[in-house]
Amino acid sequence: MPLDCILLVVAAWLLIGIFGVLVLHRLRLVARLMFPAGGLAGLLLAAAAAWSLTFPPASVILPIGLPTLPFHFRLDSLAAFFLLILGAVSAGVSFFAAGYFRSGEGTPPGLLCLEYHVFLASMALVLLADDAYGFMVMWETMALSSFFLVIANHRLGEIRRAGYLYLLMAHVGAMAILLCFGVLQANTGDYTFANLRAQHLSPFAASLAFLLATAGFGAKGGLLPLHVWLPEAHPAAPSPASALMSGIMLKTAVYGLLRVTFDFLHTPLWWWGLLLLALGLASALAGVVFAAVQVDMKRLLAYSSIENLGLVFAGTGLAVLFAAYDMRPMAALALTAVLYHVASHACFKSLLFVATGAVLHATRERSLGKLGGLIRYMPWVAWITLLGALTSAGLPPLGGFVSEWLLLQSFLFTPGLPNAFLNMLVPVVAALIALVTALAGYTMVKFFGVIFLGQPREEKLSQAHDAGYWERIGMLWLAAGCLVLGLFPVQVLALLDAVTRPLVGASLATQAGPWLLAPIDPARASYGPVLFLLGVSGCVATTFLLVRWRYHGRLQRVPPWNCGYPWRNARMQDTAEGFGQPIRQIFEPFFRMERDLPDAFDATPHYRVSVSDPLWHWLYLPIARTVERLARLAGQLQQGRIAIYLLYSFLTLIAVLLVVRQ
Amino acid sequence: MNTGLLSQLLEVLLALWLAPLLTGWVNQWRAWLQNKSAPSLLQPYRKLHKLFHKEPVLAEHASPFYRMAPYLVFGAMALACAIIPSLSTDLPLSPAADAIALVGLFALARVFLSLAAMDVGTAFGTLGARRDMLIGFLAEPALLMVLFCASLLSQSTSLTTIVDQFAHRQFAIHPSLALAGVAFILVSLAENARIPVDNPATHLELTMVHEALLLEYSGRHLALLEWAASLKLFAYACAGLALFFPWGVADARSPEVLLLALPVLMGKLAVSGALLALLESVSAKMRIFRVPEFLASAFLLAVMGMLINILLGA
Amino acid sequence: MSPLFLVLGFPLLGSMALAFFGHRPFARTLNMIFSLGTLVAAGALTMEVIARGPVWVWDQEFFIDPLNVFMVTLTAFVGWTTSIFSSPYMRVEIAQGKMTPARLRLYHSMYQLFSFTMLLALMTNNLGILWVAMEAATLTTVLLVSVYRSAASLEAAWKYFILCGVGIAQALFGTVLLYMAAGKLVGSGSDALLWTHLETIKGTLDPHIMGLAFAFLFIGYGTKVGLAPLHNWLPDAHAEGPTPVSAVLSGLLLNVALYAILRCKVLADGALHNHLASQLMMGFGLLSVVMAALFLWRQKDVKRLFAYSSIEHMGLITFAFGMGGPVANFAGLLHMTVHSLIKSAIFFTVGHATQKAGTQLMEGIRGLITVNPTVGWGMLLGALAILGLPPFGVFASEFLILTTAMREQAWATPFLLLALGIAFAAVFARVQPMVFGETSVKTLPHPPALVPVFVHLGLGLLLGLYIPPYLSTWYAQAARLLGN
Amino acid sequence: MSTVLTQSINLLAAILLMLAFAMLSQRRVLSLIHLFTLQGATLALSTAIVGVATHQPHLYFSAALTLLLKVILIPLLLHRVIDRLNVRWDVETLINIPTTLLAGIVLVIFSFYLAQPIAQMSLTITRGTLGIALASVLLSFMMMITRSKAVPQVIGFLAMENGLFFAATAATYGMPMVVELGIALDVLVGILILGVFLFHIREQFDSMDIRHLEKLKED
């Protein structure tokens, strides 16, 4: 029943998309009718998914696809959880999009509507797919539709390059996934997930499958070193699309990895967990360090997505580690942390991306160096964004903190592992996670502060307008998600239990009432966000009232002190570059920096610094060069000479005859 | 429960009341150690009172955020003091926030303060915000690691449980805690804007961090922020004392110890305040770019502490 | 009278008629009508085969089974859509002064004759006639490729003629050997070259002779399929001929040549009792895929680019048939179908694009989507489809091929995947700037015929998502005929 | 009687092989055409003899067809072409003829090696001829590789066809009639088209040197 509802929603999305093409250029109709309708469908999807968490898994076979392998769909709790996120978050983004798309965006609005809704539908079907063919079809459709969204504004060469890189990496990743399924089916020739689940592979084959899954899903999830497409593609897309890509699409990678690791492979090995942990932490650290030095607001958020997905993968690694040593409750805790982070990242990252969209529309500016002071012109956007930024920084009492709290808790229990070497890693890993979280705070202060606070760095910023009603609705919905995840972790955990139990076979132990999050035991660790919020707000309110009551509420407004320097202007504020400078200095080995410094006698001094990812130079460019060299060698075989061509035929003939004669 | 509520209330009020005193005490000691004539012990109270009376002067384009931040920072610090078991471990608010949440609370305050400093858009505010966040992103994980050292020993991240265990357990020497203790001192110096990281008594643009953040604040807002800074120092001091010298803290089983706990705490605070002043007097302020190294060593010390904890199986 | 004679009669009649009227304005329509007639007749033939099973006609000289009836339909269909596309294309060519009436007459006449030879090759039961038809197809296409009489087209046609002529000569030698092997059993006479006849006695054919015969046949017809390293004529011929010819070369002729190999492989498998034929096909298929992927990397000319892509796909299909077995054969047939449909659709859009841009060099073709969104989208979707992105049918067949390869020839999968990845990177890097971005192309006076493009793409899409049951049983029957 | 016939077929096969070698090393276009005519005549004769030996009347027809096509029609055409193109006295620069001949000998040995198992089991009177046919096909192939002018290349192509025909008649007593007719038609049309092409090439490139035909390539 919930499955039918969900398939109906998917069909509705597809219909909306097709209808969008029919009214290709009628912007108002598309924006005010199609997108809100898509959003409502998303809400319905979320409701159906939440409802289905209480049902046993249901499946259905549609008579399309390959004749020997029609599309199988199955709705179990893992899929339902991700569908819930998909529905809820996409609803917010769709509402926002209703007010976002304007004319002159390069691609006609109707086409955008089609791409957008096909993207949504394919994501839903990826989560539902229960056979390898259906999964791959949906997976690649998802990549393809989002590719079209990325290059919506295809006139910019930079965007085209981003789109190319994105689709290429997506395709390479998909090949790895396909190979992974090939290993998983263990020569039975049956590619239904039911069969993959039933196979018991040798440790070697299982490891191979796991590695392929890590590569394939890692490429989608921005795992180092396959992350290079992400900071290019996410900023290039229109903001609602970026929001969907960062907020939801990346999560399908997590879904896939969880599906393969916990559902298909029954006995994980400990080093898988270690590998995932290492890769995840590396991505997290690299992501946040790069985020801190970005000067483009959407690139900053894209790198921040790498960081968050890195944390998610690290958590998954920990869950694998626990599962490998058969520490089921611990695995459940780690997995819960992972899923929680997935949910909260989906909320806050979509929120932040749509916020950048609102800023972009109001100012036509993406570069942090040319923004500033927008809180005065766009208060709605600013205050809602603040909530998202604080969540992203992992501050209590919001959603991001809960997941980080759970993650750190699960690390603290790692010393129970029966492997001394792994135990040694715990402090290092926990420290790295703490560092990443703190750096995320740094990045978010930079993000919010430079865009919304201070004085406008450009004249035109004072013309910026606040978001419209649709945009506000969308943003408020997403912000509500951040708040709910932050304040009601106990209730969310109750939902998550239905997801983790089938995967690792254990529930979290005790629950200390509805207001206190205590996944193990209240004496060991507890966190009560509502109480916390009440505490803070109580203190604040009391202080405020006391100050007003005891003293006064007078206020005087004057121009700020100019430090005795009358020619001071808004451009002299600290820039985003400046904000990133300490990070550049401390984490110098991470970057490949090119700097032009002026010398003392320059009449027109210029300072230029460009920071790029050294992985390009270490990994990707050499691969491209190798292929180029091979291609040149191959090209030399074909120099236009007919005699040479005849010689090839002749030699081939001789060779084949020799082979035949043997 | 009643005693719990009582001790909780007592703790908050005590913190609010004692925090400026601790600041004054440290200042006094510093002056003595530097052969200056010391200000009165009550000087901080007078200053706060004066500031509260004054009319705040606000930059004309400052946003509501700017006015909101001092209250929030103050509230956060007050809550921090409330959840650190300084007098008793029987605190009803304590389950709401464990060690990780405490660090999160400090981070929350820091983020708000930094953002507020950026709001006016003068060069100094942003500069201060950047430096403060720089210190923060290294100090916070280090603090967390220090707390984790204790957590590993007590198998809990709940502050009350940790202190409970440390206070009512047979005395044992934990080498990991020694390392963590050193790390904690380094972190506290950085977090509370003390020499060698920052100088609370200077407004020199090349060096100031915390003062740069407050530069545009005045009147009651400044008063709240100053008070919050005192509270922070107080909270750190209490946290350090609770972790490393947990004796004399009351618990639910023996509420009567609460009466004894207060003088014990005052004594411990007096000693640590004097030591802080001594430490500040004997060290020199360092360049801002050496601060990451300073904090990184704190961070590493704390991690080493955890490692030793696991290596020695303690 | 069997519809078979209509299938052959329409194009033959058409070629004669167009030899006289090919330069008239109505010739383009006439061309379409004859092609449509062929398609209708082919449809009728298909109905008959579906209803009554394999059909022998004219003293067993013609033989229709599910394998070739499917290819006959495909050939007739693509032949028809290409004739639709050809009409406005040629109109522009005349307007641009590239085609004179004489050449146009030659073009139209040879187009129909070429259809005739291909259909003859597909439907004949006599391996000798098969050879004759293949050689005739070469001759007609040589004339088609050289129709512009430019230096480059002459060079391409010369190479095509010499290389394919030599290749096809090897095939004749192979046919002679085959005849020799059969003649020892059944005596000489025309029965000895009838495939259905040989098929029944394949187990008793002399393995030595059959080995040699298959080697020659494989090299011979393989040259026409464009298997590396025998492929060198292919990019030149595709690039320098008129685009409709490139479309049918890639979409049909290569298939027909591969069909010839398949028929021979069935016999060789039966006679040799080993996997030699399969191994040869897999080896050359894999080599073609890899080489073509590398060649793709450095292309500048759009038609050469897609010509190499055809080599890649023919390699993949050959590899699939080499693996054999019901699934791989099914996949090979499916891949043949979708490759024909999509590659010809791509060439249709490429034809319009080159006419608009006035050059075949890709750096001169930019931003099609801004000038003519349908052409741009057609090319982009076609390219994505041919690169194996779902939900297009190429993905379905590649999925089946790759999964079968993983099961049976695990060693080959990394090579295949690597080559597919390189091909993706290469082709997409070149197609994307042609489609998107600021434009350099102008609009043309005559609107392009885009219905064929989207019909082909639509069919390709359909085959990726849903293969109708009768089609899949038909494929399955054909796959069974090919054995393992 | 039949041994004489068999021996004469073998003799003609040997002559065919020798002609193939001669063509491989011949520089002059005109001589090449003469050699080709000679090859055609040998082929026609051998076809006729096989017909006599095996009492297969359709081989006479085949022999007549060969005579008409390869001894009269095609050489005539070729003569016309070289006259019109004014290349009658063209001499090609072949490098390293001894090496080419040596390679040719290797090819002959290879062909016999290939044909050996077939010859051993063959029951026909012409058991050795398959190897020779194969050898002459491969030698013509090699000749095409070594030529850089268009006309000699075409002659090489035709010589290869001759080798094939020899294989068809000597090894299998001729193909079915309908096939043979088809092949003959293809060859005829092919040579006509080639002839037309030669003129076009001459027109375009002012030369018959196919080294001008190297513009289409990968770079």
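By letter and in written order, the chains are A, B, C and D; residue numbering begins at 1 in each of them.
To be clear about the criterion, contacts are C-beta pairs under 8 Å (C-beta built on N, C-alpha and C of every residue); 3 or more make two chains touch, one makes a residue touch a chain.
Predicted model only: the values in this text are computed from it and were never measured.
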TODO: Please remove subunit A from consideration and report which sets of chains remain connected through touching.
DONE: B | C, D
Open item on the list: Between subunit A and subunit B, what distance separates the C-alpha centroids? Give it in angstrom.
Closed with: 35
Open item on the list: Need the CA-centroid distance for the pair subunit A / subunit C, whole Å please.
Closed with: 44
- [ ] Averaged over CA atoms, how far is the centre of subunit A from the centre of subunit D? Could you give it in whole Å?
- [x] 69
- [ ] Would you mind pulling out the distance in Å between where the CA atoms of subunit B average out and where those of subunit C do?
- [x] 78
TODO: Mind pulling the residue numbers of subunit C that touch at least two other chains?
DONE: 158-159, 162, 166, 212, 295, 298
- [ ] Among the residues of subunit A, pick out those that touch two or more other chains and give their numbers.
- [x] 634-635, 637-638, 642, 646, 649, 653, 657, 661
Open item on the list: By the touch rule stated above, which residues of subunit B touch at least two different other chains?
Closed with: none
Task: Touching pairs among all chains present in the structure - done: A-B, A-C, A-D, C-D
- [ ] Note which residues of subunit D are touching subunit A in the complex, please.
- [x] 110, 113-114, 138, 141-142, 144-148, 153, 210-211, 213-219
- [ ] Could you pull out which subunit D residues touch subunit C in their complex?
- [x] 56, 114, 117-118, 121, 123, 130, 134, 137, 141, 144, 150, 153, 157, 160-161, 164, 167-168, 171-179, 182-183, 185-186, 189-190, 193-194, 197, 200-201, 204-205, 210, 213-216, 218-219
TODO: Flag every residue of subunit A that touches subunit C in the complex, lowest number first.
DONE: 63-68, 132-133, 136-138, 140-141, 143-144, 151, 154-155, 157, 160, 163-164, 167-168, 171-172, 175, 178-179, 181-183, 185, 187, 189, 191, 627-628, 630-635, 637-638, 642, 645-646, 648-649, 652-653, 656-657, 659-661
Task: For the subunit B and subunit A complex, residues of the former touching the latter - done: 52-53, 55-63, 65, 71-72, 74-76, 78-79, 82-83, 93, 95-98, 100-101, 104-105, 107-108, 110-111, 114-115, 118-127, 129-131, 133-134, 136-138, 140-141, 144-145, 148, 151-152, 155-158, 161, 216, 220, 224, 289, 292, 299, 302-303, 306-307, 309-311
TODO: Under the touch definition given earlier, write down the residues of subunit C that touch subunit D in their complex.
DONE: 126, 128-129, 131-132, 135-136, 139, 142-143, 146, 149-152, 154-159, 161-162, 165-166, 169, 172-173, 175-177, 179-180, 183-184, 188-190, 192-193, 206, 208-209, 212, 235-236, 239-240, 295, 298
